[in-house]
Structures are given as C-alpha cells and as structure tokens.
Amino acid sequence: MSASETVEVTGHLMDSGILSAILDDIREYDGDYIIDRFDVGHEAADTSRAQITVTAEDDEALQRLLMRLQTRGVNQVHPGEATFTEADMDGVFPDGFYSTTNLETKVRIEGRWYDVENPEMDCGLVVEAQGDGYRVYTLPMSDVRTGMLVICSASGVRVSIPVADKSSASFGFMESDVSSEKPQAVLVRQVAEGMREARAAGKKVLWVGGPGVVHTGAAPAMVALVKAGFVDVLFAGNALATHDIESSLYGTSLGIDLTMGQGVEHGHEHHIRALNTIRKAGSIKDAVDQGVLTGGIMHALVTEGKKFVLVGSVRDDGPLPDVHTDVIEGQRAMRAELQDVGFCLMVATMLHSVATGNILPASIPLVCVDINPATVTKLADRGSSHARGIVTDVGLFLEQLALELVPDYRRA
Amino acid sequence: MSASETVEVTGHLMDSGILSAILDDIREYDGDYIIDRFDVGHEAADTSRAQITVTAEDDEALQRLLMRLQTRGVNQVHPGEATFTEADMDGVFPDGFYSTTNLETKVRIEGRWYDVENPEMDCGLVVEAQGDGYRVYTLPMSDVRTGMLVICSASGVRVSIPVADKSSASFGFMESDVSSEKPQAVLVRQVAEGMREARAAGKKVLWVGGPGVVHTGAAPAMVALVKAGFVDVLFAGNALATHDIESSLYGTSLGIDLTMGQGVEHGHEHHIRALNTIRKAGSIKDAVDQGVLTGGIMHALVTEGKKFVLVGSVRDDGPLPDVHTDVIEGQRAMRAELQDVGFCLMVATMLHSVATGNILPASIPLVCVDINPATVTKLADRGSSHARGIVTDVGLFLEQLALELVPDYRRA
Amino acid sequence: MSASETVEVTGHLMDSGILSAILDDIREYDGDYIIDRFDVGHEAADTSRAQITVTAEDDEALQRLLMRLQTRGVNQVHPGEATFTEADMDGVFPDGFYSTTNLETKVRIEGRWYDVENPEMDCGLVVEAQGDGYRVYTLPMSDVRTGMLVICSASGVRVSIPVADKSSASFGFMESDVSSEKPQAVLVRQVAEGMREARAAGKKVLWVGGPGVVHTGAAPAMVALVKAGFVDVLFAGNALATHDIESSLYGTSLGIDLTMGQGVEHGHEHHIRALNTIRKAGSIKDAVDQGVLTGGIMHALVTEGKKFVLVGSVRDDGPLPDVHTDVIEGQRAMRAELQDVGFCLMVATMLHSVATGNILPASIPLVCVDINPATVTKLADRGSSHARGIVTDVGLFLEQLALELVPDYRRA
Amino acid sequence: MSASETVEVTGHLMDSGILSAILDDIREYDGDYIIDRFDVGHEAADTSRAQITVTAEDDEALQRLLMRLQTRGVNQVHPGEATFTEADMDGVFPDGFYSTTNLETKVRIEGRWYDVENPEMDCGLVVEAQGDGYRVYTLPMSDVRTGMLVICSASGVRVSIPVADKSSASFGFMESDVSSEKPQAVLVRQVAEGMREARAAGKKVLWVGGPGVVHTGAAPAMVALVKAGFVDVLFAGNALATHDIESSLYGTSLGIDLTMGQGVEHGHEHHIRALNTIRKAGSIKDAVDQGVLTGGIMHALVTEGKKFVLVGSVRDDGPLPDVHTDVIEGQRAMRAELQDVGFCLMVATMLHSVATGNILPASIPLVCVDINPATVTKLADRGSSHARGIVTDVGLFLEQLALELVPDYRRA
C-alpha cells in the first residue's frame, strides 16, 4: 500500500533551480507528487514557498525519499517525533537509519527541538541523554557502537539550507559553477576577500592541498600566506609534504629545477632520501627543531605554530612519520580540526578535496582551484553543492593571491 | 675532490632514446661525462654498446648518480662488491642506502652474483645469510628493522633492462605512448592477445580498476571476463566495490540508471545503505554466501574463487569490511598477490594504477586504459616506463574486449 | 523612462529549469519583474503557465530583453504587430533588428500569423510580399541587401520551444548533459534508434565529422554506415577528407599505421601528396571516376550518391578542390543541405559542430560525440541547448554503432 | 630494384633524440640503413656526426624518404644538383615535387647554392631566373601556376636545423615540452625575456590569439602590452575581435560580467549587435575614427598603428568587415606579415596557432600558452617542433606578463 507525506520548502525556489531538482528526485525514487500550494515570490527579492504531497510505494520507500529530499532543504509540514533504534553491532547502523545531509539540522524529541552537532553528510544521527534533555550528533558508520541510539526514518528531522546570496559584492555566487573562461583576476580578489572576512570574524582558514602546489612553483607564495596568517590548518597527503621537503633539502621536486623552470624527468631518488631523512629525525617538527629542515611550506607551518593533518594513500612511498596511514584514523584527525573553520580553499588535489568535502558542513564557504575541470566537477557531484570551482593555474593563482593579501610580498 | 666511474650500457640505444636519457640524467645530477667508446649497431637489427666515464663532485654524488643511471639499465664496468650497513632504527634505512629500480637486479657478494627477489622500485636491498651464501630482497622503507643489513652505494649491483620488441606482431610497442588518436579496435585486439599469452604461459592476469568501470556500464563485460578466466586478481578501492554492490542491490550507481542510461544526479543514500548492508553481513563473501549479494563484479570474483585486494583512501565512506584501512598494510596485501602475474590491465583509476605501478616489476606487460590522458601520463612519469597508455572510453573498451575474448558474450 | 511588457510562458517550467533561466536573464539585462500569475502543474504530467511583467530602463532595453527571453520560449501576452524597417546598406541590419532564435517562429503582419522559414539563430527576419500576403524568412547578416524589409523589435513575433520528452524510451533525455561516466553501450543504442526513426520518417541523417574519425580507425565503420544508408549528408573540413583520402592512397593517416595500430609521428609529406593527387584529378568525384581513389569514406559517399559539404579553415593545406575556401559561401552551402534533416550526429570536431549548431533549427535531434568534454560543453554554450553530449571514444563508438545498425558488419 | 643514398647529420644527435627519430623515420618508410660512421662527441659540449647509407625499394621511395629525413636536418653527402619540372596545371605541383620543411634551406643549381626565400613547410620550391643566377622560394600548392619551375626529388637540396640551446639562461629549452606542472612564474619571466630580446634586436613580436584572451579578463593586460610596444602584429579570428569589441560596447563578452566575474550564460544577442555596429561603421578602424569604438584590444592596435590579420572560420557570425572570409586569402595576408618577426606568442587558440605554426620558419622562437594541453600537443605534432608549450591559465599568465613588462601596469 502506498504511503504519502506533505512536505514544504521555502527559498528562491525557481531561480536557484531547487524546485526542479526536487521534482527530479521524486521521479528518480519512483515517487509521485501533487503540488498543493505554490506561493511564488512576486518580485525579484521575494522568496517562494511550495507545499507538496509526495507519495511512494510503501513507507520504507517514502522514508528514503523524504531523507533524499532533505538534502534539498525540504521538510515535512508535520515533522512528528524522531524515532530511534539501538545499534546491535559495532560499525553497523540499524536498518532504516537516517542518512544525514551536510545542512544545519534539528531533531525533535519529546516535543523539543535539538540542534545536531557537527553537521556532516552520509552519517547517522546518535541520540544521548544529557541533563534533562538530549544531545544529538552525527557519527560515521565505522564509529557506531552496540547500544548507541540511532535515529531511523525522516520523522522528527528538520534541515535548513543556507541561502545563496547572488548579489553579494564580496563573494558573490557560491553555486557550483565550473569554468576556465572567467575573468581570473576578479576571482582571485573574491577569494582574498573571503579569507579576510573569515579572519575578521575570528574564524580559521582551512587549506586542502596537493603536490601541484609545489610543482607549479607556488610554495614561496604559500609560505608567505602562512606567515601572514592566512593558513590556519592544512589537510594534505604524503605527497605535498614530501615534495615540499624534498624541494627544501635538494632544490628539486619530482625532478623539476625550480630556479630554472626546466623540467627534470624523474629523480625519484631524491624523494626517497627526503622521506628517509625525516623518518630518521622522528617527525617533521623534530626535523625543524634539529635544523635539518630549514625552509618550505611544512617548515613555515611548524614555525608559525599552525596545524596540519596528513593522511596517507595507497600510492605513498615512505611515508613521512606524521602521516596517518589508517585512512579512517585520518578522517577522525581531520574532523577534529573543523571547529571554527570559516573558509576553505582546496588547491590541486582531487583526493583530499573530496575527502574534505565529505566532512565539511554546507555552511562553510568553499572554493576549489584546479587546472583540471574534472576535479571541481567531481567535488560538486559528491554533494558539496556550495563549492565554487575555479579552473585555473594553481601556481599563478597563488602568486596573485599572495600579491593581494601579503603587503610586502615580492616575487623573487 | 671529484670522483669518477666507468659505466656501460647495451641495447638499441639510439632508436629507443636511452642514450639521450642517460646524458640528460648526468647533467641533471651536475655530473660530467666522456664517451670512451661507442660501438654502434651498423644495421637496423644490431644492438649498440656505449662505455662512458662519468664524473661527479664527490663520491656521495657519484654513488647517487650511479643509482640514478641504473634506472636506465646502465651498469659499472667494474661492478665491485656490494657493501652493506646495519640499520640502526626501525623504518629508517642507513645513509647512502641503494634505492632500487623495478628492473631485474643482481648483487655481488664475496665474488658471487645473487638475484634480487621481488624487484620493486624505491625500496632498499636487504641481505640475509642463507645456507652457505646469501639471499637479497627488496624491502620498503617502512618495513626495515634494526639490525637488518642494507646495501649502500651502487657498488656490486647490476640491473638488466627488458628489451622492447618494436616488431612483435602481437603486442607491438610497449613504450610509454599516450594518445587518443589511435585506431582503437586494433588496440583492443592487442590487449586481448596479451591476456591470452599470459594465460597460455600459466601466468595470472592482474586488473586494477576504478569506479568508472561501473559508471560506464562495463560491469557486465567485466563479469563475463571474470567467468571466462581473464581476471585472476583485482586491485581496487572501496569505491569500485561499493558502486558495484550498490548497483547489484539497488540497480543504481551513484545515481545512474543503468538500464535507461539516464543520469541520476546524486542518490548517495543508496551508496551508504549498500555499505551498511555488507558491513552487517560481515564481508563481501559472507554477503554472497548469505544470498544478500547476488550479482556484479565482486559477486563474480567470489563465486569464481578469484582474489581481490581492496585498499582504502581518505575519501571513503563506510568502508566495506574487506577494505584495508591502513594503506601500508594494503600495499603489503597487494605485494603478496604479485607472484606469477604475467599481464596487468589498469582501468579508470589513477590512484590504484600509480600504487600498482610502484610495486610491479618492469618485466610485466602493463596497459593503462583511461579516458583522462593525465592518468596515463602520470603513470608513465612515475617510472613505470613500460606502461602503455590507451586514452579511450572504458565502457566501450571493456565491451569490445569481452566480445574479443568471450565467445558467447552478447550485449544484452 | 522605464518601459514594461507582460509576457507568458508555458511548459514544464520548474522541472526543466526554464523559469530559473528566465529570471536570470531578466537580472542580466538589468531588468525587473513581477510574477503576475503562476499556474503550477499540480501533478507530475501537468504543464505550468507563468505570466510575468518585465520592466527595463527604456524601450530599447526592453525590446532587447524581450528578444532575449524568446530564446527561452517566452512570448508577449499581447504580441502586437511586427514592425519592419528597410535596410539601407548591404550586409548591415537596421538598428534594433530582431535577432532570431533557432526555435519555430511566427510573425504577425496585418493581423495574420506567418511561419518563419528556416529557423536559424543569430539572423535577422526578412519580410517579402507574396501573393496577397507575405513570406518571412531568416537571413544572416552578411546576406542582407539594401531595400530588404527587416523586422525590428520583438513586437509581433512568437516562438514555440520544443517540449523535452524525459520519459521517451527511445531517445530519452535531450537536454544538454555532458558526462564521460554514463553507460556507454546504452547511449550507442539510443543514437542508433534515433537514426532509425529519422529514416523511417523519411528524413535525412546529417553527419558532422572531424579527422579523429579517421585517426581512431573508425573509417571502416563509417563506410559501412554510409553503404547501409545511415549517412545522407556529411559536413566536414579539409582535414577529414584529406586524411581519409591519404589513408586510402598510402595506408597512413598523419602517420598512423592503421593495420598495426602503431603510431607514426608525422609523415605530413603523404598528406601533401594526397592533396596534390586529388587536385590533379580535378575533384574527389573525378578521382573516384578515374579510378585514382578506390576506398574510404569520401569514396563511399561518391559511389553511394550521398552529399558532402567541405568548408575550409585557415589551417588547411592544399586544400582539396571540393573545399569551399570562402567560409561564408561554405555556410550557404551547408544551409542548402538542411532541408529534411531529421537527425544530426556530430563526431570529433569542435569547429564544424559549432558551425552546424549555429544554423540548425532547435527541433532537430542533435548528438555530439567527442572524447574532449570541452567540445560538447562549447556546443551547449553556443545556444544549441538541445544538443546531447556524449564524452567517449569516437573509434569505439562508431564501431559499436555499426555493429548495432549494419546487420552484416564484421570487424576485419 | 632498390635504390640507396648516403646521408649525414651533425649535432647533439644523442641527447636531443634526433638519431632515434631518424631511424624511426627510415623504418616507417619501409627503408633500411647501415650506419657507416658515427663520430660521437666525447665530452658533453661536443657535437656528433653520423653518416648513414639508406636504402629504399626504388628511387621514388628513396626520394620521399630523403625528403622526410630533411625535416630532421639530414642531408645527402653528395647533394648533386636540383632538378625541376614545369608545372602543367594551375594549383597542382608536378609529381615527385620536393615537399618543404620549415628549416633554413639551400638549393644547388648549376653548381651554386641559393638560399630559399621564406622557409615554410608543406610547400613546393619554385625556381626563377634572376640576374645571372636564380631565386628559389617556397610556394603553397594553391598558388602554383602553369609554367612555373618546381623542384622535384631531394637532389640538390640542403637544410640546416637550428641548434637547441639547452643551457641558455634566458630562454632555455625550446623543445616541445607540454606540462601543467611547471613553476609558472619562471615561465612568465622567460617569455618576457624572449620578447625583450626580440625587440632589442629590432624584430617584431607576433601574437596569435583566441577569444579566451577576452573571456579570462586578460584584455586590459593585453592592451597595456600593446601600448608598451610588445605586440607588433596580431593574428586572430572573428571571435577574439568580436568579443573584444562586444566587451567594449556592452561590457560583456559572451555573457560574462567582467567587473563582477559572474557568469552570464549566453547573451549572444550583444554579440550580433556588436558585429552589426562595426559593419555599419565600415571597418574596425572606421569605428575607432568615428568614436564608436573607444576601448579594448582592437582599439589599442588601431590607435597604436599596429597590424592585425583576422581570418574567418565556418563558425563565424557576421563577420566583422576586416575578416578575410576566404581562408586561402587569409593565409596570404598572414604570410605577408611574417617579415622580421623575432618572437611569436600563441594564446588560447588551437585553430590560429596551428595555422601560424604551418607558415612560420623553424628559426623563430615560438611559445604556445593554453589551459588545454591538447592545443599545445597538437601544435607540436604538426611539425612546429621548436614550439614550447605552457599549459596554464591565459588570464593570469597575461596579467603576470604585463606586470613583468609594463613598469606602470597596475591591476585596476
């Protein structure tokens, strides 16, 4: 027997394409709909409000469709109460668990709404008694333990989608928008402004970087930005750190002569020796303290007291002693640094950008810079719909960004 | 004071560009050279032989240059004896350790030549007494333990480069060669022939795959190839296996309706539920045994008794219980399956292709298929110089490969 | 003083994103709007209808905005009468001329609606007396002559947007949709079905091709498709024809050995001689008649009596005697072949695909196949919004297409 | 009966890979060879000299192989005398015509060597009596007329290949080398230095540009470079000029708001009106003189008295009145501006870059900048082997180039 529910959504529904996406979702889930009411904004600045009755084959299908629609900011008109089930295995959610979005979320328990801690997508929601009420927080599948209370079905869950502000002068459009044919100097200024605003608001600037930062010769620019306080945390892999360190120790990076700009094909041997040198020192910080490592991005992060989280991958040599070789441990270490992040810049890495996009709340401004359009597209496809993609040269972009943000930055 | 050594190299030096690469290497390492003798092959089929005296700033620089030249198949005329040093820390090689190539390698100890076990690049060479002689084997940096004897300097080490056979009818040119403008049907036949030859020689066929195999609709072709015995081992990540399983459980893969070919944008929620289902079952094999998983690539591998090694990455959801979350453990699991591999096909994954290229001996034929030229180029740049790249559509390529290799394969 | 007009649009406004695009347009043209009425389709199959009053700075700005909105299928509620002005220079439209869309268009003159002949975008509309009424036809800027009557402003012009049929089984979604992660075998079948339908309806199949058709080894597949009647007209440049002919005369194409699949780097000299040979013969047909040219795509087109239009570009060698060296003449020759085209397949060429997209009515199904996503994206960006892009390997795609459409097609 | 000839080549044969390429050529042409002598450079700075006897099936095959080898700088030891044949048709070379390289070439007639005027590849060589001797010049196929004397076979023709200077500080390596992983700031400086050197030597700087120059917001930088004297000639198509003019007239370019950096999807209507406006004025210069066009790149070229050659393509709207619609006429107009060019920069256009590469002598330094690696690769594949490719963002590259070359250049 079919099941149905009435839902509502508010916002710039038409000009942001949300309503179109909602109806696509319903079709994809083999559901049906009737639009009960549609209060359209009459003038350009008004918001619209739609009320839709959705129908699915059975209650299980309906619940899954309702969860799906929440990724669009759609809520039930009569939200009801959250229902929860005890996990009966470590690392496994109960059937029908609520699969989270990365939006701000509230859960109603015993008639009272609770804010969900740490919004993150593709997690479960765990409920714990706290004082005379409850706390509700996101938990990834691998961390659930027997006996935890996990919310099931979409009942009692509300989300709010951040309002895209198309007319904002400083950091205009945040919708996913991938193009290499954009006036690039303007984009540099918008990113600079986004970082200044985050800092002015007392928030942290998170960088996610790949080895291309070093290969394109952008390390000096990034070092200047670290010293000027525009890099609070760096998420990266073994490669960025190793190439940066190799470059400091040997003046090369995977065989590119940085002072001459002339290509050096392989030279992997430098790479291996750089790894061995840091392993011998004990850690990157130990290498700095011992005077072994005296320059580069990692050196700047250590001396400026900034954080970095390096997570390994199956292609790693070494790795550096600071690298989390267990990727699930690495994800936990990344999550631990997200507190108070107010702006996120991703440069030249698909792997770590997607990984960060997976755990970042939708409310944090996010810019992804890569010369490869596929990286930015992939990021957008994974649900980080507020990512803004800039297809450009990472080396020249960071050079310009340093010129914009660091008053005394001079090209060598 | 400068140090010098006389080296030699034999082969089709000019037409394979090796000599040019050697002289580039010497310049890159700030060395100098005199070509003492150059016996050129006078006719097309003849090999050439060059003897060169190389000079570097000091002995340390010279040893590093000599190791570098060994990646080109260059050996010392007077190889001398291997020298070795005891490792005095876990996970750290002694200074001046010999950094390996992926070529067949021999080491001379007490006047006798020993074959190196498991050629792999960017490793150290460890010596152990065995019977009245020694065994020598490659060991990655992270696995070295205090007290092990590690070969230092290039002294006493010989390599042999596999001869590229340009005129072979079946699997013609193996040099790195990336192009999307090649007659593609011919390339499919050459890959098919390479697999048949490996199987005829009693060797295993290794596949390395990314989720694009599922997204492009190639899963049925790959299932047919598994059943026909052309897939002995699969190296992949959490994504290929999850999307394949999601596709079997829900008929979708990251939101693509496979029977209609119509795009479904996200649908990540299916993905998360598929992971939870397999975690609940215990493992992929358990899910097959319990009748939970009844189709797809992973199902075919289980029911045909084939091997797979899944190694995680920082972007993983879940992951599946079969996934190695520690990447260094994952590398060890991959190495354990390389025995008797006679052909390797890499499809639609940069991460796992590079990881496999890192541990594979140069003597194994290797073909990398991807729609993205950067993947193949990257693979070639990492030292897998015998990789052959084919820039093409993975879905249509595997469809054609199944038509070529599986007599009764029919498109549905 | 500001000017305003009330417009209306009907269709699946929300789920096709049209309304969102309309409101974006108004903002881009610095206009303002009030949504007077919005009758939403309540159930999935219903169409919606919106009535909007748009305001612009002055009448000139308003007219330009109204023309812009017509590309979205938006018409004035009170269309009024067309106004026209005499052109007073050859090759120049009067100020304020109506700039056409590629949609079906009607023009009202003296209270009567006339169908516009040959819908084509970025043209003017010319009115001529005919019988007791008028004819109205599109004309490109370069063809306008002094004294012609050209429609100015949006008054009296109506367009109808073709309805996208998302649920059609045969050729499902026609919206612009670029992806290399689609089940490719399904897409091949949909293209085959589109061609069969066009032929069944007595329509012509138009191909637009680049030299990649030859380079990827797809010439035999295309020859088979020509002979089986699935290629009625070919639009191409000098390169496709020359490489095809070079391949027939010398067995090479820009230096690729087609039987071995082994790359041949340059060999441009063959290319130049092939051009000289055909120029000596007089034309491609002459070369076929004289027995000089005995195989390949161009040979098949000649012997099967099919049409081709070759238009030159600044990078051409030669060119072949059949090539239109004047690009405006070439465009005219292409337009002359559009009559009764019912399906258009574009393969491996950005230049000629965009050129064809410029002159093709929106009502003709259009599929663009290229390994380069930029080609397909570019096509969509130029206004051919009904183009469907398939990012795949042209060689394997045409191989599969021949297997699908030509019963006795066998790979050699 | 087979035919053979002894040839020689001098240079850095091994480290530049020339010898390898020569032997590949011989194999590709089904020839055979014996290396008679090979005087290898013993030290790094020495040049090598090889003498090779090549054999082919018959004299015709031999002659074609000899012509092919000349593209590598290989000459006959006994060059003999040039032989020539009268053309007996307009636009057609005699059989066996010598197909030119883009290298410096000399021809021996009656025992005397003559320099070939205007080296250009894929042309014929025409001989005319002049004074008591001769002049010899390149002529494209389409320009040959009945009665002209055209050199046939490789006899009597010598070429000299420019020496690549790998160690030069200013503009180091000129070999084809495509990569996006290069220190980009260094590359900008090298291009700036190349332009300064050309100007210091009294040579012209040729630019070849596509519309991406405007789309990426680089027009202000290019205007500054025009005014500072670093742009003497521009080769482009209708698109660059139209988008530049549209941007000046309407502040948009294919729908991108340049001051906000926010994307505007289509807006082709501006584009068409801009074309009409300039056609009405008569020409770009007329529009400047009439005060219609007051800014942008084309305006700067006109007011600074610089040259531009615009050549049309089949995808053009309009076109602008200055555009050569006949592509062969357009090629002639481009050739007429090559005199005294000392440096060539190609930005953001595949079509015009390849066209220019076709007619440019090999001796002119050539840099191709594009975000799309395929453009640069294509250029290199077409024989412009001295092209240096830089895969980067055109907007940021030109911004940096202006900062480097124009003392008072400030970002707005």
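Things to note:
A, B, C and D are the chain letters, set down in written order, and residue numbers restart from 1 in every chain.
The rule is short, and it goes like this: a residue touches a chain if its C-beta (ideal position, glycine included) is under 8 Å from a C-beta of that chain, and two chains touch if they have at least 3 such contacts.
Since we're looking at a predicted model, the values are computed, not measured.
By the document's definition of touch, common neighbours of chain A and chain B comprise C, D. Greatest centre-to-centre distance from chain C is found for B, with centres as Cα means.
Centroid to centroid, with C-alpha atoms defining each point, chain B and chain C lie 45 Å apart. In this assembly, the C-alpha centroid of chain B lies 40 Å from the C-alpha centroid of chain D.
Computed centre separation for the pair chain C/chain D is 32 angstrom, with centres defined by C-alpha atoms. Multi-chain contact residues, meaning those touching two or more other chains, occur in chain C at positions 24, 254. Within the complex formed with chain A, the residues of chain C that make contact are 13-17, 19-20, 23-24, 26-27, 32-36, 38, 40-44, 373.
Residues of chain C touching chain B in their complex: 172-173, 177, 179-188, 190, 212, 215-218, 254, 256, 258-263, 371, 391-393, 395-397, 399-400, 411. Note for the complex: chain C touches chain D at residues 21, 24, 28, 64, 67-68, 71, 89, 91-93, 97, 99, 121-122, 140-142, 237, 254-255, 257, 264-269, 271-273, 275-276, 279-280, 311-319, 321, 325-331, 334, 351-352, 354-355, 358, 372, 374, 381-383.
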